[in-house]
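Each chain carries a letter (A, B, C and D) given by its place in the written order, and its residues are counted from 1.
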Amino acid sequence: MAWREGEKVFKDPVHGYIYVHDPLIWDLINTREMQRLRRIRQLGTAYLTYPGGEHSRFSHALGVYEVLRQMLSHFARNGYDWPHQYDRLVTVSGLLHDIGHAPFSHALEPIFGAHHERWSQRIILDPHTEVHRVLAQVSEDFPRQVAEVLAKRHPSRLVVSMVSGQLDADRLDYLMRDSLFTGVDYGQFDLARILRILVPWKDRLVVKRSGLHTVEAYLLARYFMYWQVYFHPVCRAAEIGLKKVLLRAQDLSRASAPPEVPHPALRRLLAMEPLSVADYLELDDFVVLTAVANWRHHPDPILSDLARRLLDRRLLKYREYPSGDPYRLRDIEATIAEAGFDPRYYCEVDESGTVYYDYYLGEESADDEEGALFLWDPEEGRLTEMSRLSQPIRAIARERQVERRLYLPEEVLESPQWGARIRSLTAAGGLRAPGFLSSVEDDEADG
Amino acid sequence: MAWREGEKVFKDPVHGYIYVHDPLIWDLINTREMQRLRRIRQLGTAYLTYPGGEHSRFSHALGVYEVLRQMLSHFARNGYDWPHQYDRLVTVSGLLHDIGHAPFSHALEPIFGAHHERWSQRIILDPHTEVHRVLAQVSEDFPRQVAEVLAKRHPSRLVVSMVSGQLDADRLDYLMRDSLFTGVDYGQFDLARILRILVPWKDRLVVKRSGLHTVEAYLLARYFMYWQVYFHPVCRAAEIGLKKVLLRAQDLSRASAPPEVPHPALRRLLAMEPLSVADYLELDDFVVLTAVANWRHHPDPILSDLARRLLDRRLLKYREYPSGDPYRLRDIEATIAEAGFDPRYYCEVDESGTVYYDYYLGEESADDEEGALFLWDPEEGRLTEMSRLSQPIRAIARERQVERRLYLPEEVLESPQWGARIRSLTAAGGLRAPGFLSSVEDDEADG
Amino acid sequence: MAWREGEKVFKDPVHGYIYVHDPLIWDLINTREMQRLRRIRQLGTAYLTYPGGEHSRFSHALGVYEVLRQMLSHFARNGYDWPHQYDRLVTVSGLLHDIGHAPFSHALEPIFGAHHERWSQRIILDPHTEVHRVLAQVSEDFPRQVAEVLAKRHPSRLVVSMVSGQLDADRLDYLMRDSLFTGVDYGQFDLARILRILVPWKDRLVVKRSGLHTVEAYLLARYFMYWQVYFHPVCRAAEIGLKKVLLRAQDLSRASAPPEVPHPALRRLLAMEPLSVADYLELDDFVVLTAVANWRHHPDPILSDLARRLLDRRLLKYREYPSGDPYRLRDIEATIAEAGFDPRYYCEVDESGTVYYDYYLGEESADDEEGALFLWDPEEGRLTEMSRLSQPIRAIARERQVERRLYLPEEVLESPQWGARIRSLTAAGGLRAPGFLSSVEDDEADG
Amino acid sequence: MAWREGEKVFKDPVHGYIYVHDPLIWDLINTREMQRLRRIRQLGTAYLTYPGGEHSRFSHALGVYEVLRQMLSHFARNGYDWPHQYDRLVTVSGLLHDIGHAPFSHALEPIFGAHHERWSQRIILDPHTEVHRVLAQVSEDFPRQVAEVLAKRHPSRLVVSMVSGQLDADRLDYLMRDSLFTGVDYGQFDLARILRILVPWKDRLVVKRSGLHTVEAYLLARYFMYWQVYFHPVCRAAEIGLKKVLLRAQDLSRASAPPEVPHPALRRLLAMEPLSVADYLELDDFVVLTAVANWRHHPDPILSDLARRLLDRRLLKYREYPSGDPYRLRDIEATIAEAGFDPRYYCEVDESGTVYYDYYLGEESADDEEGALFLWDPEEGRLTEMSRLSQPIRAIARERQVERRLYLPEEVLESPQWGARIRSLTAAGGLRAPGFLSSVEDDEADG
């Protein structure tokens, strides 16, 4: 498509409009590899819990680009000291940062050992992709520069941190976007204000002295979105459901009777054969879910049962399971097997937890910790690590809050015969400290 | 899944929460047929124009239910004269109103002669569907009652008009939902206020005297959504793109060399064989788009080219084409053929237009016109048809505004050889009256 | 206050942030005359109907400035042909456009013959005001230029139309602001989109070809806000209540016994003595309402009664009164007098109505009509007047829709003795055509 | 005003609509004492910092009522164990909770020793007020019951905690309202969700087990609103400005030359004479600000200067002043005096700080701590105090974070002669722990 003069816009429910002034960005958006992201949902199977969460990685990629465009425009308007030769590198890297994402990557990657970051680089460096060809028009070396930013190996730490850092455009967009589409309000924060407090300073992005509470609010928004969406126990159940189907299909593929798979690339993936870039780019949510839909009628009773459970949303149920004791888990699995379900496909211990803010507590001069945010005092020209100044940030920082849950079939849990045994094996002593507390409303989004 | 006490909720970006108090509703939501709607997008291919418009018919169905639940609660709270024996019939019919929708129905139905309304009734009446079984628990006759409401043949005109009428729950939800997800603001209106002005009166839903401007605003929101989204020329281009792929696949299926189709139900559809209810329920967006993705590599050059154009979003371009003159169209098609494109697959004249409000201008006593809205004066106990009282409603009523556009490949339109000829064949005399005016920004959502 | 480097911002619920880069704007905001606008409510007495409508002309003035700042930034970014020497003149004129507003101007101006437009010019040209002194720092002539823009006499028609025209920054801000604060949704529209379709062209502001529906939506938002807020019958009742108090105070001031007035400028105003600029700038809502509060205990029974009715929100009630027949009005007034109320203070016929869009229907070449909006076709370089292309705009254009209501004390209307007579004198034949229909919900905001 | 059938509504930007079904509520809203709250701004002088923050205590009172109405409706719908004889007592107490508020109470009360809580009770119990008369229609004893709720002495701890507690309707409404009108997003949270997690249980309001993160978000919203609005240094400067004017007026009133005061009630207040209920009800923002406006021209040079500074928004400037050292303060005051300003009127040390959540750390059984929130586990029937389960709540609980600032005239701070001395007297060691850190953007809302 030929570039026409003037700015182009996309309507977007998060940012209102996404403005494109650079023909390079336009050409990248229209590559086949970017268009593939329209067929990969940002939140994987979470739409089974939050019906509105059906948005794709494509609109997120546009959003990341837009946030970066606004950042650069803010730097320019305020005359900040910023290396303008990197303008395009920043916006392009933001747009392409998820180009290598697999469908349902959280469910797929652990099974197949794929890593979307590495695929992103392969796609960008492969001379046969459209993305590569568009990038190479800037300069022969440009694809490599973009790949370096995505690999966090680019010499400019500043450029890297704008795309992947503690307060990067990726997180800023996905928190707001996931929040809007799921209808969970917690992820909303004041983007205009965030942009106003970020300053490029000596090869890093720092926070103006007055931005303390703004950053607190951002980090807490992230904290809430984790517990309300990303770690939501029903969201995890859906993901586990998909993982189990794929696991069974993989097991069958390796055995004598590979299941019918409607797509050669997926067939290769299930058989653990190496994938070319072209193969990989064939994979999307539609290919995977169509395979699952076909398996509904597969002769293997486990595969067809697992497929039906996922498609008809009869997900595994959970009990909190703080212990993690492997002996006890063996007893649980034995019970499930006695009840007639193969625990390999019908039982999972799921651990949710992350580090919300990874700070540095060393010498004040050692300001180079990657995961930390620094407050910058223009009068004194000094950086102070954020958690030293904020009790709420200290509260959610560093420590890993973990929630451990046991998933198993409702038939087992509700059975008079087996349910009591399971309940006694997972019993815990009342309400526990956060991270061990059920973080969601039992009656919500739980159909 | 067993029903547990208390209300259930879904988080929803449009209504905040969707409240479920009735176990019947809960059971219906969890049927396989309702879950299928998660895999059918509300706006079909419109997401290619509005990246956010990726929401499914499932969340819309929940929204229609919620609007009806609120209506009934409002009737009860205000002590309106309403037949409470129909409460469940109304909410259930709203929830199930789209149960028979095909994937991409606007593109599919004209080609295959399917009608989603008729499929909805078949699905509800078929004793083998889960939906039927849940409904039959209420009473043996209940499935038939629901089917009658969807067919607009139920004896209570009031019940029918709440589900399918000029101001029904279906429209109320989809205008707000499509508006939110696409990011186009025009569809927003004040739902709480709409609920406050609707009154059941003598077997019809009428508008309280004070609600004139509220209804005006609602009808105009609809008018704007049509021109900004449903008739958006790029949205139409995407739909045409899908139609052309399916047309080619159908032509090939009827000919000697049927294309590989990854799903038996779709294969049968393309071959024009009759579909059972079970077949039909296998169809969803994923099945269709996976087939299209496979065709990308099909040996038939037209099929593979059309598939790639759609997937990579290289859509047909358009010129306004007010004339509709068949002689001229023949010349246009000849030009396209000369340029090397088969006009059957690479040319389309598209007419957009609807009647925004279909009013009745006859005797004042004849108040039974279906498409009309009536204002009710409680003091005088008299109905007055809305457009008699409102200039803006009169302005958009009855008359069908039509926009006619010619779609063809960009290669032809931009070619020095053929482009000028096409432009002269589609030339018109400057700006024309509405309906003939390009209704969108040329530079928007047009990638 | 000294100007410090960098941009200044105000948090604003309508625009998010209001950005100030120009020290001149900052200095003007901090003048005494601008700060006075904080004590004058944008909607006068409308807060008695819409409790949230308590915002001041000050925040509106900032909003108008911000809309113009965004317009200019949009012109610059897109390289439009715009005379940049007028940048400051535009933003300054927008900021100051209401500087001469009286408190409750709709109630006060008819009684005292003041005109806020003329006072704006006097204030700007008076060398003793702070505003004048700040403006004169730009150039000796600058105050005069600003006054000319406000008087619509500036040679650049383009500059004038951005500040006061059919689609000016004043209207754009007040519709959104009044809508947000009252909670009435109708006034919302897509400002970003409006900015995208406006183009300076040959000394006028025209609308890009693609902007037809955007302008339709804007004009209809205005139409709805008029009927839901500005013409709301209870809003009018409150305004009439204040007018009547002031009328009685004026009558007493002219007679032997002037009421105690807590402020010399108001005392002079009531006595119809000429006011100096300094006097005028003393007037604000607080001065007026404190006077009214004092009059609650005034020995004159009419004055104290009228004051109490207003302060305690016991407003006059209304009947629709389509006739306007002066003979009948005489009978009505006689009835009110018989009931013991002086009709001069306890009766009013109120006419609401405006022209929503004043278009020109003459020769197509005659494109200079002031109130008209023109669509601009860049390919053909031709202007077309909007209502020629839009049925909804034609529907609300030119014709003046009028609603006529009779206001009188509830005691009379509800009295068994007089109420029936009043009702028969104001009886009309059922629902009438728009403009004569009660445009609001009877039970809303009506306490 | 007579009550008419059906529900009444107010449009409200926070809650959409405020529904009134109970004629008693309607009659109370229309009393003179409630209408007085329209003339008292919720945020006092904060509008000088946040231009949108001009809303009155009247709309807040309606909002508190609406939140309580929704709470009761939620209790009823879910069949919670709640003493329905208290329904009216709860909604009425919520509506009237601020009836005794003085204008600018934060500035006025410390000077004059008034307490709005006590005035609320006096007004409700005084048989001459309209509010009393309406309440007494319910039962002779009803006014006393309402007064007891407001005094937190009512026997039902549950009723009291819904109106004044850690998670009461008052806070829920003002956080959302102040947030919306100022444009500061931090105060927004999910009210529907809060309502869903609150359960009346054994005479207290407890939080359902699943509500932990919801309460965290609410408490953090409060924390942010304190630092961004209530403790904003420029908001404090405006309040100090008003306090200083009133202090000077009071000093003059006690001395030989009382200033002219336009209102007898205010005159009495300044002279420290006792006020009757009738006097007190005369006081509102308009009376106070009109007095200040008059003093602009008062012969006392300090009074007129202080009045002008406030009206024209030339506020005192601040330096952080962590020390609080009284010796140093003496030096500061001496410097200010040398510079020609009386420190009594031109200098203030302001301490901001509150306890965001006051928890109880004792025995688990001792569940009666007033300021604490308890999580309720329905399975185990046990309460757990919130901060035991939440790190973010622990982080902001109990400890009082204090920010101490020194306010003085800009002329002194910017003077070459005195500024340096002041800066050295207020110097501190770089960035300090939270509570001592400047919590706002220096360049925001700071004109």
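In the analysis below, a residue touches a chain if its C-beta (ideal position, glycine included) is under 8 Å from a C-beta of that chain, and two chains touch if they have at least 3 such contacts.
Note that the coordinates shown come from a computational prediction; the quantities given were computed from them, not determined experimentally.
Of all chains in the assembly, those touching chain B and also chain C are A, D.
Counting the residue numbers used at the interface between chain A and chain C, over half appear in both copies, so the two copies meet with largely the same residues.
Looking at A-D and C-D side by side, the one with more C-beta contacts is C-D. Averaged C-alpha coordinates give centres for chain A and chain C that are 50 Å from one another.
Centre-to-centre separation of chain A and chain D, using mean CA positions: 42 Å. Chain centres here are Cα averages; for chain C and chain D they lie 32 Å apart. Shown for chain A are the residues that touch two or more other chains, namely 6-7, 9, 16, 196, 441, 443-444.
Note for the complex: chain D touches chain C at residues 1-2, 4, 6-14, 16, 26, 29-32, 35, 38-39, 47-48, 50-52, 54-56, 58-59, 62, 180-184, 262-263, 282, 284-287, 289-290, 293-294, 311-314, 410, 414, 443-447.
By the touch criterion given at the top, residues 185-186, 188-190, 196-197, 208-213, 216-217, 220, 223-224, 227-228, 375, 377, 380, 382, 384, 388-392, 394-396, 399, 401, 430-434, 437-444 of chain D touch chain A in their complex. Those residues of chain B whose C-beta lies close enough to touch chain D in the complex are 6-7, 9, 16-17, 77-78, 192, 196.
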